[in-house]
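Structures follow.
Here chain A shows up in two complexes: once beside chain B, once beside chain C.
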Partner chain A sequence: MNFLNAMPGEIALAGIIVALLLLDFIIKENKAVIGWTFTVLMAALMVYVAAFKTEATLLNGAYVSDGLSWISQVMILLAASLTGLLSVQSVKTGKKFTGAYYILLACSTLGLMFLVSSKELITLYIGLELATVSLYALAAIYKTDDSSTEAGIKYLILGAISSAILLFGISLIYGITRTTYIDGVMAYTSQSPVGPIFVIALIMTLLGAGFKLSMVPMHLWTPDVYQGAPTPVTAFISVASKAAGFIFAIRLFSYMFVRLDYIWVPLLSIIALLTMTVGNLMAIPQKNVKRLLAYSTISQAGYILVGFVGASVIGISSVIFYLLAYTVTNIAAFAVVTAFSKATGSDNLDDYAGLAQKEPLLALLFMLSLLSLAGIPPLAGFVGKFYLFYSAMQKGYVWLVVAAALNSTISLYYYLLILKQMYIFDRKKEFPKIKIDFSVKIVLIFTMIVIFIMGIFPGPVLDLTTDIAQSLFFK
Partner chain B sequence: MITLAHYVILSAILFGIGIFGVLTRRNAIGILMSIELLFNAVNINMVAFSRFLTPDGAYGELFTIFIITVAAAESILGLAIILAIYRNRKVLNADEMNLMKW
Partner chain C sequence: MVELILFYAFAALIIFSAVLLVTARNVFHGALYLASTLFGVAAIFALSGSFFLAGIQVLIYIGAVVVLLIFVINLTRQIAGSSAAQVNEAVVPALITSLLTITLIVLAVLKTDWATRIGKSVAQTEAMDNTAVIGTQLLTNFAIPFEVVSVLLLAALIGAIAIVSRDKEAGK
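What follows is the complex of A and B.
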């Protein structure tokens, strides 16, 4: 099989990384050009990957281009180009590091694209590490800023520990099944009974994968990293890295361990419950908007885990649909935060008081994205949540659905706290007029259109995700 | 006679020591060293499984080379960030890196 035909997106992206390096070398003064180049190339690559879907298997099944990897690569490239747009006019790294910033972002995107298409544990691990190591550096990119470096080191230490746990689990799986291919492990689990060591290995891989999803025992890094990292990087971590993490989890659990669902489904249902409850309860007292959104993404991860518990095809389909909706919604929320903190230099919730009087449009957009996160119709988040809970209902997890619905209500409380600040309270401090940059405007317009389209006409997207989920199980 | 079980037990002990070190060390560099122990525990496992169970394929050895490379990259980045923090704030202990909590 020809590599160039099978993975054109990845090869083009590797070329883009080299091109950005050269560009950084050539351009001495106007470094913003690199950011725009990155954004435009990512958008172009996304259109290309979306338009020319490839179906291929490489290296004896270690690397595949299938429907699942196709839609997640489109999602990752979309997130990368939107992050590029958020960064161009607001990330102030100085001339020396602007090139490094976009190159690291591109490397991370490449790693995530490898992660979603590999079906072999070594390849999977390399993709995962390429993505996360670049993100550690990105989180600490403001190297004279105390909170940015602190976010970087916390992310790195906790990330390294969790990848060591994942690796230990993988090594045990390799020792038991004598293969590192996902298909091989699946064949082993369907033929032979599994012992306690295999269960330990499964739990360790669950915990290791849970780091990227900010699943509850592994969620401790999330608030600190989200608060300390530059806001566009936070948006990228919360969207692209998390989406790829969920695709990784689909490959591991809904595919590789599908025969062992009697072990991991009860476990995951409890973890889902804990994740959403902890995320929501911890979000309520937060005073920093980025930190609040961090806890809100933890609880969102809990809702998505409900989809894993649910019936197989509709569960996977609803997970992919929700990831799409969540990607655009969260980027929209972080776009508003970026614009606000660029103009005022603050992320404090109290400083959002009276935003609606001064900046009605910005406040309205923030309200729409928060309501979509909370799952209010007719926005995209509502349809996504509905299908997630529906899939868990199909399998009879009524208690989990009830708990998730209650949690949605709790989440509405702290989203409404932000709205109360913006719409009811008066301005306490005077801030300069917020000028929304051209690039951030594009992001806001695009994400709002997608949120409304996915909320009002979810049919075509749902058909697409259902097809993909079916092709995963019935070849 | 050293059997596979010896290697696996050694690796499990090393992993336990690594986890203990990660949890109890205060110095950030000490934590990075404990993380190295975790990765090396995995490496012992991989090489032993590869030697005893799949002698005709080199998956375990391959995986080990990749793990060593990635672990090196990770610790270099970690040291660089620790150095940046030390220059800014003269802090090396992990429990003093507490600008953000809860």
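What follows is the complex of A and C.
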């Protein structure tokens, strides 16, 4: 099988990284060109990958391009280009490091693209590391800002520990099954009984993957990193890196360990409950918008885990659908935060008071994205959540669905707190007029269109995700 | 028999120096204990017939990583001589958690029948040259991770430079 035909996206992206390196070398003054180049190339690559879907298996099944990898690569490239748009006019890294910023972003995107297409544990791990190592540096790119440095260090240390746990789990799996191929491990689990050591290996891989998903108990890094990292990087971590983490989890649990679901489904249902509840309860007292959104993404991860508990095909389909909805919604929310903090230099929730009087449009967009996160019809988040909970109902997890619905109500409370600040309270401080940059405007318009389309006409997207989920099991 | 004794001796060396590594009050001593831990790992690799891995472990980890670490410690002011406490108030819960995890893993390992599993794979690979097998695997079945690792190193390099190097413009 020809590599160029099987993985055009990855090879093109590797070329883009080299091109960005050269561009950074050539362009001395107007560094914004690099950001625009990155954004445009990512968008172009996304269109290419979306339009020319490939079906291929490389290296005896170690690497595949299937429906799942196709849709997640489109999602990751979309997130990368939107992050590029958010960064171009608001990230201030200084001329010297602008190039490094976009190159690292491209490297992280490449790692995530490898991660979603691998079906072999070592390839998966390397893809994961490439994505995360670039993000460690990106989180700490504001060197003079203490909270950014703190974010980088916390992310690095906790990330290293969780990779060690994941690697230990993978090596135990290799020791038991003598293969690192996902299909091989799956065949092993369907033929032989598994011992307690295999259960430990499974839990270790779950915890290692859980770091990316900010799943309780691996969520502790989330608030500090989200708060300290530059806002566009936070958006990228919360969207692309998390989506790839969920695809990783689909490959591991819904596929590789599918025969062992009697072990991980009960475990994951409890973790899902804890993740939602901890995220939501911790979000309520937060005073910093980025921190609040961090806890909100933890609880979102909890809802998505409900889909894993659900019946296999419909569960995976609902997870992919929700990831799409969540990607655009969260990017929209962070776009508003980026615009606000660029103009006012603040992320404080109290400073959002009275935003609706002065910036009715910005406040309206923030309201729409928050309501979509909370799952209010007719926005994308509602359909996504409905479908996730429906899949868990199919498997008879009524208690989990009830708990998830209660949690959605709790989350509505703190989303409404933000709305109350914006719409009911008066301004306390005077800020300069907020000018929404051209690039951020594109992001906001695009995400709002997608949120409404996915909320009002979810049918075609649902058909697509169901097809993908089915092709995973029935060839 | 000799192999078994050597295995346990090196395993004891690894555990002993690893414990000292995390408890050492002086960073410099910690780096030396790290070298001895990594040497023990290399010896275990050699005992199990992976001479290539053993050589790489010594060359890269002890020869490059630890030496680099010692250079960094010596070049950084104040940390070479200072001694810092390695325990904080969370030491008791941490110990309990680690002990429970160890017990769980050890119990599970003891319950698993490793002899037949490992016997099979040793019989398979003993006929071939270990180093040749690694080389072939890296360039055939594991070609993709092998190539991606180089991008990973590039990203790590760029990231490290971006974080560490001083920005002259920002100072002005």
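By our rule, the second predicted complex is superposed on the first by the 475 of 475 C-alpha atoms of A that agree within 3 Å, B and C clash if a C-alpha of one lies under 4 Å from a C-alpha of the other, contacts with A are read in each partner's own complex, and residues count from 1 in each chain.
We adopt the following convention: a contact is a pair of C-beta atoms (placed from the backbone, for glycine too) under 8 Å apart; a residue touches a chain by one contact, two chains touch by 3 or more.
Only a predicted model underlies this, so the values are computations on that prediction, with no experimental measurement involved.
By the touch criterion defined above, A:171 lies against chain B but remains apart from chain C after alignment on the C-alpha atoms of chain A. Legend: residue contacts after superposition of the two complexes on their common chain; A:144 is shown touching both chain B and chain C.
When the two complexes are overlaid on their common chain A, residue A:152 makes contact with chain B and with chain C alike. Applying the stated contact rule after C-alpha superposition, one finds that A:227 touches chain B and leaves chain C untouched. Of the two partner chains placed around the shared chain by superposition, neither chain B nor chain C is touched by A:66. In the superposed model, A:129 makes contact with both chain B and chain C. Judged by the touch definition given at the top, the superposed model places A:196 against chain C, while chain B stays out of reach.
Common to the chain B-facing and chain C-facing surfaces of chain A are residues 122, 125-126, 129, 133, 136-137, 140, 143-144, 152, 175, 178. The touching residues of chain B, when paired with chain A in their complex, are 8, 11, 15, 18, 22, 28, 31-32, 35, 38-39, 41-42, 45-46, 49, 53-54, 59-60, 62-63, 66-67, 70-71, 73-74, 77-78, 81-82, 84-85, 88-89, 94, 97, 99-102.
Put simply, chain C touches chain A in their complex at residues 104-105, 107-109, 111-112, 114, 117-118, 120-121, 140-145, 148-149, 151-152, 154-156, 158-163, 165, 167-170. If you check the complex, the residues on chain A that touch chain C are 14, 17, 58-60, 62-63, 94-97, 100-101, 103-104, 107-108, 110-111, 114, 118, 120, 122-123, 125-127, 129-130, 133-134, 136-138, 140-141, 143-144, 152, 175-176, 178, 195-197, 199-200.
Looking at the complex, you find that chain A touches chain B at residues 121-122, 125-126, 129, 133, 136-137, 140, 143-147, 149-154, 156-157, 160-161, 164-165, 167-168, 170-172, 174-175, 178-180, 223-224, 227-228, 282, 291.
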